[in-house]
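Here chain A shows up in two complexes: once beside chain B, once beside chain C.
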Partner chain A sequence: MLSKQRARYAYFLILPALALITLLKLVPTVEAVLVSMQQQSMMRPNPEAFVGFAHYARALFEEEIFWGSLRRSAVWTLGSVAGSYIVGLSLALLLDREIRGRTAFRALLLVPWVIPDVATALLWKWLYGDQVGIINFLLVKFGLVTKPILFLADPALAMASVILVQVWKLYPVMFVVLLAALQNVPRELHEAAEIDGAGAWQRFRFVTFPFIRPTSVIITLLGAIWTFQNFDLVYLLTGGGPADATEVLPTLVFKKGFWALEIGYATAIGMLMLLCLVALSVAYLYAYRVAGQDKEGAAR
Partner chain B sequence: MTQDDEMPALEIQALDGSGGSETRHGRIGRREALTLGLGGLFALSSSGVNAQGQTALTFWSVRLNTPELQLALKGILADFEKAHPTIKVTNEPVAGALVYPKFMAAVRGNAMPDIAEAYSYHPLQFAAADQMEPMDDIIEEWRASGQLANVTNDFAYKKFLWRDKYWGLPYNLDVRAIYYRKDLLEAKGIKPPKNWDEFQAAAIATNDPKAGVFGLAFPAGNFHITQHYYMAFMFQAGGSILDKDGNLIFGTKAKDANVRALTYLTDFVTKHKVTPEGVAAYNTDEPHTLFVQGRAAFCMGTGGLISRLMKEAPNLVDKVGILEVLEGPAGPAGKLTAGFYNPMFVWKHSPGKAAAKTFVRWFIQPGRMEPMYRAAPGQHWPIFKSDFNTARVQENRLLKEMLTNVVPYATDFAYPGLGRPEMGVIDGEKMFAAPVNEVVVGAKKPEQAVADAHNKMAQLFRA
Partner chain C sequence: MTGSAAASQEIRDTARPVDFRRPLAAAAVYFVLMSVVAFILFPIFWMVSSSFKPQTELFARDITMLPVEWTLESYRSVWQGTAFPTYFWNSFKVAALSTLCSVVISMYAAYAIARIRFAGRYAFGMLLLITQMLPHILLVIPLFLVMQRLKLLNTHTALILAYTAVSLPFTVWLLRGFFEAIPEELEDAAAIDGASLLTIFHRIILPLAGPGLAAVAMFSFIRAWNEFLFALVFLQSRVFFTLPIGLASFQEEFTFRWDLIMAGASIITVPVLFFFLLMQRFIVQGLLGGAVKG
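Let's look at the complex of A and B:
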């Protein structure tokens, strides 16, 4: 009885937050579903004409650009998350040791995280420049290349170049979280493994990694969700070009919605994108639950 | 409610129908006072009248947002308010990249500004969404007063004519030009080119990689500016997007000319190799920067490059010239370049519509925007002939050359057709920047790129 009362009280307490979330999240989502089934266009004064699933059919079956953008979004997300995880983990392993200036390094490594996306994009655009960029200047100066590398102008390199920027932007999050996880790995296990003759790689694989695996799964899934919906970096660095080589779903939605003014169609693509994000979120929740069980198991 | 909760007795003067007044005594509580206050505020805001009894107007600006232009604009607005004490104009700058999101949210929220200035086809697009107030009355006034005859050319205002109504008024002109280094041409014994062949030969001759000088710098990225230069060559080849009746001919009747223009332009990169290799990622700034650094013999640039040269490379100014618009395969009839007559427009549902039109009438007058032209030389140009030959222009050689060599030939995307809302989408979606970008990176041949772009445009027109 008491617990029921307490539960009611708890629900009462979260009611304002729930109402706010419903208002700010659920209502726009329902509105978006409706808009995705309407012929909303700035080119017409009667925006509410119902078209059912026509926009979805157009995206999925009539225009190649959706599938191309989805494919590129997958590459962009996987590349960025994998890259930032490797960099973040490497730095976390390095700074988990007792080295001089560890605190200063930890603080410095967070800098990319606090720089706004717009500033990051402008900064890297300048760094990548073929004529005025410092990267090409140094590469040519030291004889590593004979002519500037077209980081953003070559369709074969553009995606890798924007992924590198996202890796730079995302690794601090990975680094901070993984460093925290590493600090929970019992030192005595390492010492025991070392006495048993385990090498550095074996110690990482059989001692460290099992402990940080739950955290790794969660942070990489979160990173995937953030990256998948990131718009600013790609749009500002390449505008989706050259020749659509970096056109990802968020830039496609923006173009269709705010340049082509086809709000209904853009919203339908947005909803399809949402489905992808829901899949990632479900995976995240599942991983979170499994991670919790793993931790409980480890604690026992 | 207790006695303590109630407000002290208030005397309320109520106006009777005859305009006289009678005094009524009564007590009102906090709730009534709050309701009255909110009601009053709502009445004031919805009627466009502020607390000082002035008609309050909101003016969104898209192209006047650099610090120097904002300063000049402030002065102009202060002059207006001095002359019209019953009207208060509040300027809200809107970032160029956020124009559509901002305007579309405003349309959806029924919160458009009373007045706005933005890109070429905005008033037509908003008219298509039934949001614009026709400007025919002001056009008629201009016609009667002779002001219409003072406008640079008919296309400047006729481009806003759609379904027999004018939805915007031109207030300034934004041009695209080819800048060149006089000293580099002289060193090679080359005269400023007048036509395509001469231009091509000059760009090849002045290309000097050892000296770090490119023959030509221009933007070929997937950005809006790219299509502006393609458009100029399109006209010069005898091509266009629309015919004079507003029908789409980009990949049909005009296909050969448009492919020819695209080939000519992209050949500078792919065949003659006289540009930086990275032009496929260039937006407006990169070619400007190379030219200001003295690393390009020719540069396709906006009028704003004059300001940059004056500020960042004053030593270079004397060595720079502006080419007369080139003559291409279409001969003198196609001697045109890109220029955008930018519009001001008024929201149909503005509560202060009359005051908004008063502002527009006052704002678009000869001589009115001179402080802005002084603030950023070359960036914007007047639309009135009488504003051209001012001392400001005559004293600045580059402005004078732009006025003589470029301004008279400036025209817009829709030419020779008149306004169509679809042109805003064609521009916005960068439908004819894509062919340049695709050909430069080797993803498509010019014929294919033009055909694909046409199909996209056709889909839009069909819709």
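Let's look at the complex of A and C:
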């Protein structure tokens, strides 16, 4: 077939996809930029009035809530990613051996990842409950605490409690990717190191870890990108409370936009959030390319 | 797929063998693994176990691990005494229709990118990649305004459109990989016989890409089935609620009715778990392909 004719076909074939992406992704993105510079507030008339960078200035210089939420977003992201990396890596190391039922164990350990967010959140609320929750029941029964711990209602504990849920949800991805990366570690090197008298930690640090480092960087950045923009879990578990203790950027954007109906201001905060995500994404793409080059270099 | 066979072969070759001459060591490894799995999966066990308990046992002073008296009462109450069935069918409808749309739309687009050289091919690929990075919490505000203008707020159409658009980048990317794996010679032979591009696609490529289409369909379905934020923003009437927001609203509507909530949470999880176990291998590969190449 003539290549020109084929090319014309191609445009027909991508047309529906292109139309949908344009209407529901591209137009909204442009609109987000515009809206973030418009009045767009229930409190004031004339929603389309141009206000320039006023919303950005308000978020950055006038109100504490943006910086507070950014800080909590950082804690939430770092805590979740570090926790799930450690859990995922430990499990990968544990399962990195030739045993019967390996595939079954791998499948079982992946399950938390596929549970719908709403089920995850409700189920952990049930576990965390102060009157009838199983965790508090066991803690009291074994005499570890005298009165129930308010996991989600105590401002000092709420962040740690929601992070634990995200770790439970995120570790499977880390685990399965690291397990695959561990296949690249040559067994002979391990044996040689063992003969040379290297301990378990030294073998991990100097033999295993260098082989899984590029993968670790990539997967932790990816985990950070996912966690940073996660809305569902925090919203469903605490709604950003108590007393803003778990108010992260996504819940802040949602509340400003759909509760306070300050759409312009909410979008401006969303755009600032996007900037942070772009930085993470650039780091991710860079790590991805470096890892690719390493692989090519090793192959040569 | 041949890749998976090779991968599992590789696993067998390089993984450290457990020394079965020392049965105690092997037993220790199994013991540790099983304890860890039990610990990690406990929350899911607890959800299911709670859903089979009668209300009196659920809130009894002394908590029981397994129901002393097994009952389907909470499932019956949630299905007959609440709007749960409405939410369930709404979710099913929205997920099924958006899956259909995204499979059909993405298979043509993916084929074009995989096989045809055209100006803008690269740009189209980049557009898909970049728009995938937009956080939903930012996207949902202007999308709300777009839907308002199109008079689609509080309709399932809004959700179906949004879910299709959101899953497109991923489905196109995944299907493209499947199409590229099919040998091009098959198409050349048909082209020489005078078959048109679309005939070739429908008669030769699609039948061969069956597993790929199934994988893409399940990904789209699960994604739509689980989606929370867009549904929360677009839908206002209870009769249109999907499962995630319907179930979340149980918290206010039926405070302390954990029997209903756990039964509902178990039901929403079942289809997802079923698809996952069915597609486990593809999902793992998709993850590995996405995060680390090779």
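Just so it is clear, the second predicted complex is superposed on the first by the 265 of 300 C-alpha atoms of A that agree within 3 Å, B and C clash if a C-alpha of one lies under 4 Å from a C-alpha of the other, contacts with A are read in each partner's own complex, and residues count from 1 in each chain.
Just so it is clear, contacts are C-beta pairs under 8 Å (C-beta built on N, C-alpha and C of every residue); 3 or more make two chains touch, one makes a residue touch a chain.
The structure presented is a predicted model; accordingly, all values stated were derived computationally and were not measured.
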| item | value |
| --- | --- |
| Overlay on chain A: chain C relative to chain B, clash or fit | clash |
| First, second, both or neither for A:Ala243, with chain B first and chain C second | first |
| Which superposed partner A:Pro210 touches (first chain B, second chain C, both, neither) | neither |
| First (chain B), second (chain C), both or neither touched by A:Ala181 | second |
| Touched partner set for A:Val132, first chain B, second chain C, both or neither | both |
| Which of chain B and chain C A:Phe258 touches, first, second, both or neither | both |
| First (chain B), second (chain C), both or neither touched by A:Gly270 | second |
| Touched chain A residues, chain B compared with chain C | C |
| First, second, both or neither for A:Leu152, with chain B first and chain C second | first |
| Contacts of A:Gly199 with chain B and chain C, given as first, second, both or neither | neither |
| Colliding region between chain C and chain B, picked from 20-28, 92-100 or 272-280 after the shared-chain fit | 92-100 |
| Contact residues common to both interfaces of chain A (with chain B and with chain C) | 129, 132, 257-258, 263 |
| List of chain B residues in touch with chain A within their complex | 100-101, 104, 107, 125-126, 128-130, 221-223, 276-283, 286, 289-290, 293, 295, 421-422, 424-425, 428-430, 434, 437-438, 440-441, 443-444, 460, 463 |
| Sites on chain A touched by chain B in the complex | 41-45, 47, 128-132, 147-148, 150-155, 158, 238-244, 255, 257-261, 263 |
| Residues on chain C engaged by chain A in the complex (per definition of touch) | 7-8, 10-12, 14-18, 26, 29-30, 32-33, 36-37, 40-41, 43-44, 46-47, 50, 58-59, 63, 105-106, 108-109, 111-113, 116-119, 121, 124, 127-128, 131, 133-139, 141-143, 145-146, 161-162, 164-166, 168-169, 172, 191, 196-198, 222, 225-226, 228-229, 233, 243-245, 247-248, 251, 258, 261-262, 264-266, 268-269, 272-273, 276-277, 280, 283-284, 287-288, 291-294 |
| Residues of chain A defined as touching chain C within the complex | 1, 3, 6-7, 9-11, 13-14, 16-18, 20-21, 23-29, 31-32, 35, 91, 94-99, 102-103, 105-112, 114-119, 121-127, 129, 132, 134, 137, 168, 173, 176-177, 180-181, 183-187, 190, 214-215, 218-219, 222, 225, 229, 231-232, 236, 249-250, 253-254, 257-258, 263, 266-267, 270-271, 273-274, 277-278, 281, 288, 291-292, 295 |
